[in-house]
């Protein structure tokens, strides 16, 4: 910040316009001083002033009427009354009337006050002198000597043991507060690595709450599934579905380019995590002709025919795939949990 | 007791109350300094007032909303009056927001006022900050107040974001999910911060209650303190003013607080409140009932944060998906870099006054505002910053712009990626040229007068346009600005022939100073001599 | 073709399309209307197939092949079923005017009777989803709330909370569901037109489709209630932010200019 070495001459000269009027002859750009005050119509014509007064009073009266209108609307309109008002649509009569009357009541007070100030209060411009913010040297010297005296009397400079231990104590005491924050939540441990999926868990259709059969899933269709046993009224449903949500599509097996994807599919039915690997939005904007799936939050695009690799956008890695098969009763089932953590990347993900 | 005073004179009741208060609070001394305090008139000086008043409106309506809102993530099955949600599982937070909207008379209005005022609060702070920036009002002695204002803006963003998240609807929940994903991307500690903030795995059962106390107590408490400090400093420093006849660096010209500003500023509060109330009666904001309760496996397209977070949203959307894996760790640069850039862009704004003060080396107080054209480099830097900001806002809404202007979302993303780097540079160059052009025009006006539009034919047949000379007042206003000379490093050897050490900092500063004030960075303002020569010489035309 | 696609935003493009559509409608009517009377003795079904085949040959075969086997410009229609035809032609998407990222909805070219004939012909090429009956898609009495939940699970990710539509990759988009008839909504779910995935009855049963239709009609129809006032397009924070800046802050600044302006001075007399 130091600027000591910048010579004074580089700074623009101090403005000296206080004696402007005197200097005009010398300097055509000198400050001529405040222009003389010119009267408004209201200052010289009492009829105009009266008109202003009436306008202000009218505005204040309008405000009073609007407040009465507000109370009347509050009493008169049921809370669920819907009215059609062109062009804004089918709106709540109460909300509309309360908003407009409250707005008007407030606006008129403001408009009245401002009109009063603009037309009837003095509009003579006045100058206020400024004073430097910095203290003058005498004050500064007094403060410095007071401070030195105080410091000396406390002996904080001499009694180093006191000073050191005090700083130590002050530095340590906030640690208690930090420690207390420990129970805000459990440690992550390996929680982000596991989901509710596991070997033998059937794929349950989100819509019907029934297990899915391979023949239910048509080419070009889109189905969402959850693991068997996870019900909406579970206390931990949201935490679990945030990781376990599954997106199922069926491709022609010959369209699947990625070998592992084909191995993990069942007759062209592939199951991918519905949770975007970018920041975790449920990604499911599936284009059945291109096999691309787009995230509505940040437009990461994955190719479901090619191992769900990222083809556009900010996601860093492919969507995890769930290995599926068919159980003895002919229902689709998971052949294990996801082999990698689902959802956004994190430091320990590896 | 009272007999003594009775004998002297019976003071009016108001005076007696004031006397009572003065004996305890010293209000007369306070009033002496402030009652007739002078404020200058200019519309741009009222942008901060819009922010202040919307803040007050937010607090008033916010307190009302706390009377009805249940900050709880306990799940219930809804059986309220909004038919399309009946029988749906949702948190109490969402259900109570529906109740405020459909069952509390006037509740919907207050909710909408609260939300509209929040959007306008942030927007008003933004334009207020730009006003302060482009007129150089942040210079000494107001750097601290600039920082207070900056902090208010940033805290306002986060207060807004936490409030947006409280109803626990599908849109805001998606925003919270994004936040959690961004936290996870933080190297080393991200996972732990996420688990501590959400009380375990996302979304957990604590988020709404925790965001609630942050939203209604912690952040607004700090903001209220900052607002008070900000206003005290405005009073203490007295307001800045534009150059003009009678307006100097040592005075402030305008009208007194009592009565004119009491009426104007007080009235303006009612005007702001009135406009926002009317908007809230006429225009829907955040219809949470149409969004549904949050579930981590559901989403809607067009998921955006409120506008003040749109800039961060844009950064995250257009960032390429870089991710590196090493030694068993993952670094999600695709998320982490935008977070860092977001911080840096804001910090750049915060520290700018200190950078400019260092470049100019100017330690004087400045109470006269610059016209933006008279500080071309600063103005150009500011416009470049705003350009980058707006480009990222566009990036944050790329899906909406794609559907409504029939464009490809991928093309918009690429456009934003490229123009985030190119746009600010172009904006800088163009703005500076415009500023210099305007300076030239001012100079011509001073030296040759105002073009009157009247064509005159001279005796020898030549046509000329009559230029009217400017008044003394106009001449002064157009030449009152200061012009710095670029700082020089000075000779490399001192007077004794000893080599002087030139630090890297000094070199950098000389370079920056040249960029700010060197040749081609400002038009030398007309001097009195030039003016006299022209006016006395061949008349003006 | 490139030239054509570049000009599709031309102001006159709509007029050209309209003229083409009118010519096609008129021409087709003139060509086939009298024929219908002459073959009154045929069974209704085979008559429809026969008529549909003629319509198909004129209006569809250039892209989809003479036997519906598909070609370089259009997919095979074998097995798409009558529901797909009813949706594509009934919403005016087919016949397509020009290739592009996506074939848009437009004014329909064929009458409903002609569409039924076309559908009958295409259905005869191979089994596929059948045009639903009113009983199947009529949303009356359906569970709106359940429809909303299903909508948010299956549809909102592309079509937005209330079916306002949204962007897909490379210029494709999920269209707005405003003004889409219940029948067409049903058919779209059933058949998965263009890039939309299908939601067959095996995964989304008929009753649930009705629930979804009931929800869409409640939140995005002519009678949709927006209690808070004008809905600003129902697009969420982007339109709200734009409105807050332009109208909200704009009007407040206008007020500020009035508050701070100098009052008019009396003219010197």
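Think of it as A, B and C in the order they're written, each chain with its own count starting at 1.
Here, a residue touches a chain if its C-beta (ideal position, glycine included) is under 8 Å from a C-beta of that chain, and two chains touch if they have at least 3 such contacts.
Just so we're clear, the structure is a prediction, and the values are computed from it rather than from any experiment.
Each chain's centre was taken as the mean of its CA atoms, and the one lying most distant from chain B is C.
The chain closest to the protein's centre is A, with centres computed as averages of CA atoms. Chain A and chain C have Cα centroids separated by 35 Å.
Each chain gets one centre point, the mean of its Cα atoms, and the points for chain A and chain B are 15 Å apart. Computed centre separation for the pair chain B/chain C is 43 angstrom, with centres defined by C-alpha atoms. Counting partner chains per residue, chain C shows two or more touched chains at residues 153, 157-158, 166, 168-169, 174, 226-231, 259, 261-262. Among the residues of chain A, those touching two or more other chains are numbered 88, 92, 95-96, 99, 114, 118, 123, 206, 224, 282-285, 296, 299, 312. Across the assembly, chain B contributes residues 102, 108, 112, 264, 267-268, 271-272, 275-276, 279-283, 295, 297-303, 398-399, 409-410 that each touch 2 or more other chains.
Of all residues in chain C, only 9, 101, 143-146, 148-149, 152-153, 156-162, 164-171, 173-174, 215, 218-219, 226-232, 234-245, 247-249, 251-253, 255-257, 259-262 touch chain B in the complex they form. Chain A contributes residues 1, 3, 5-6, 9-12, 14-15, 17-18, 20, 24, 26-35, 74, 79-80, 88, 92, 94-100, 102-114, 116-118, 121-130, 132-133, 181, 184-188, 191-192, 206, 224, 226, 232-233, 238-239, 241-243, 245, 274-275, 278-285, 296-300, 310, 312-317, 343-350 to its touches with chain B in the complex.
Only residues 150, 153-154, 157-158, 166, 168-169, 172, 174, 192, 194-200, 202-205, 208, 223-231, 258-259, 261-266 of chain C touch chain A when the two sit together in their complex. Interface residues of chain B, counted against chain C in their complex, comprise 41-43, 45-47, 49-50, 83-88, 101-102, 108, 112, 116, 119-120, 123-124, 127, 170-171, 264, 267-268, 271-272, 275-276, 279-287, 290-292, 295, 297-307, 310, 396-400, 402-403, 406-411. Of all the residues in chain A, the ones that touch chain C in their complex are 38-45, 82, 87-92, 95-96, 99, 114, 118-119, 123, 205-208, 212, 215-218, 220-224, 249, 282-290, 292, 294, 296, 299, 301, 312.
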